[in-house]
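Have a look at this one before I ask anything.
Every chain is named by a letter (A, B, C and D) in the order it is written, and numbering of its residues begins at 1.
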Amino acid sequence: MDYSIQITEKPLVPEVAIQAVSTPNAGAVNVFVGTVRNATSGKKVVQLEFEAYEPMATKELVKIVEQAFRQWPLQKVVVCHRTGVLAIGEVPVVIAVATAHRKAGFQACEFIIDTLKQTVPIWKKEKYEDGEVWVAAHP
Amino acid sequence: MDYSIQITEKPLVPEVAIQAVSTPNAGAVNVFVGTVRNATSGKKVVQLEFEAYEPMATKELVKIVEQAFRQWPLQKVVVCHRTGVLAIGEVPVVIAVATAHRKAGFQACEFIIDTLKQTVPIWKKEKYEDGEVWVAAHP
Amino acid sequence: MIAIKLFGVMRDIVGKPMLDIDEQVTTVAALKEVVEQKYPKAKALNSLLVAVNSEYAADEQTITATDEVALIPPVSGG
Amino acid sequence: MIAIKLFGVMRDIVGKPMLDIDEQVTTVAALKEVVEQKYPKAKALNSLLVAVNSEYAADEQTITATDEVALIPPVSGG
């Protein structure tokens, strides 16, 4: 299982993840790039802040990625999640999955981001012009 | 429908496509990057050559992308296909799809690459150490 | 005493990054009960899980003073 | 006369990038028949479609000398 997981305060560059998973054996790379939207539910977002509980977040990401390797024939996976303050348009998450055949790549990449959002202890605070809120905390 | 389609002899850089589709309205970018594999069916590939019938290839890509816009709520799409001679590891195709919500992005991106491979008049010749073959031409 | 790590909205509710629980709690369920009594706002959350030694822990799991314990409010990464 | 654009394996089979058909052909079906008679290797392909004015054309579609006509062997882009 050839993968790398990174939780970092530094800006994420999708091309770096794509290069990192590209191998002469892979024919397809599927990439998911999350970006900070300027609005949610019609409310204008000015800034985001991400906080992670390490090393639990890394441990949970390892579980997800290893599960993906068991479920699909993958070649290389990179998952990078950013922490700290992000401006609109910045990238909180990049997932790159290299496979010999593309279908597995689409499925595994979607599985990883879907499960990441459900289980990995990372929290997002949205800041608006008139306040802030921890996303998903309350009904 | 905000999209761009490009058939070019110049090397493709996935990051350029990602930047091109990223908007403050999008929360998710799904990217498919095709790469030249070093082997198919166990045979060692030394080089690939792509040939396109323009403007028909562009026309067909427009149809596919506009169909995707009708089928999913997309924000921006870029499709780039390379022609000419490519070495192992080079990128024949990049598709980037920006959406507010990620599920539509995965589905639309997979639809575009699947349909591209079925209908767009582009041909790939694989060169081996001992010969060459037009892919998919013969049973 | 159990020292509990706090994140996200739980840190805001408690007002600090660590919470010391002096009460005699030996299970995850008991810990959650104590926290929700001390901080009623914790009950209003969509969910509140407990991690023991950086793994999600079931209600019946036991906790000792040497464990690393954390409260996990609803996650929202990605 | 109809001048037909050739690509990929069809260009290799015919040995040049354009094919002039002098026979009187007025439909896509008739054109394919003439091509397959002249070049039996074309029959061995997985498929052979015809594009008229850079759109895929059905068998019954008519062709005139002013149309842009192309033979489309199995595509393999991506």
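Basically, a contact is a pair of C-beta atoms (placed from the backbone, for glycine too) under 8 Å apart; a residue touches a chain by one contact, two chains touch by 3 or more.
Quick caveat, the model's predicted, so the values are computed rather than measured.
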item	value
Chains in simultaneous contact with chain B and chain C	A
Fewest touching-chain hops separating chain A from chain D	2
Whole-Å gap separating chain B and chain D, where each centre is the average of the chain's CA atoms	25
Distance from chain D to chain C - Cα centre to Cα centre, in angstrom	71
Multi-partner residues of chain D (each touching 2 or more other chains)	none
Touching two or more other chains - residue numbers and ranges from chain B	34, 113
Listing of all chain pairs that touch each other, if any do	A-B, A-C, B-D
Of chain B, residues touching chain D in the complex	34, 50-53, 55-57, 59, 81, 92-93, 113, 116-125, 134-139
Touch list for chain D against partner chain B, complex	5, 7-9, 12, 44-46, 51, 54-56, 70, 72-78
Chain A contact footprint on chain B (complex, rising order)	13-15, 18, 22, 24-39, 88-89, 98, 100, 102-103, 105-106, 109-110, 113
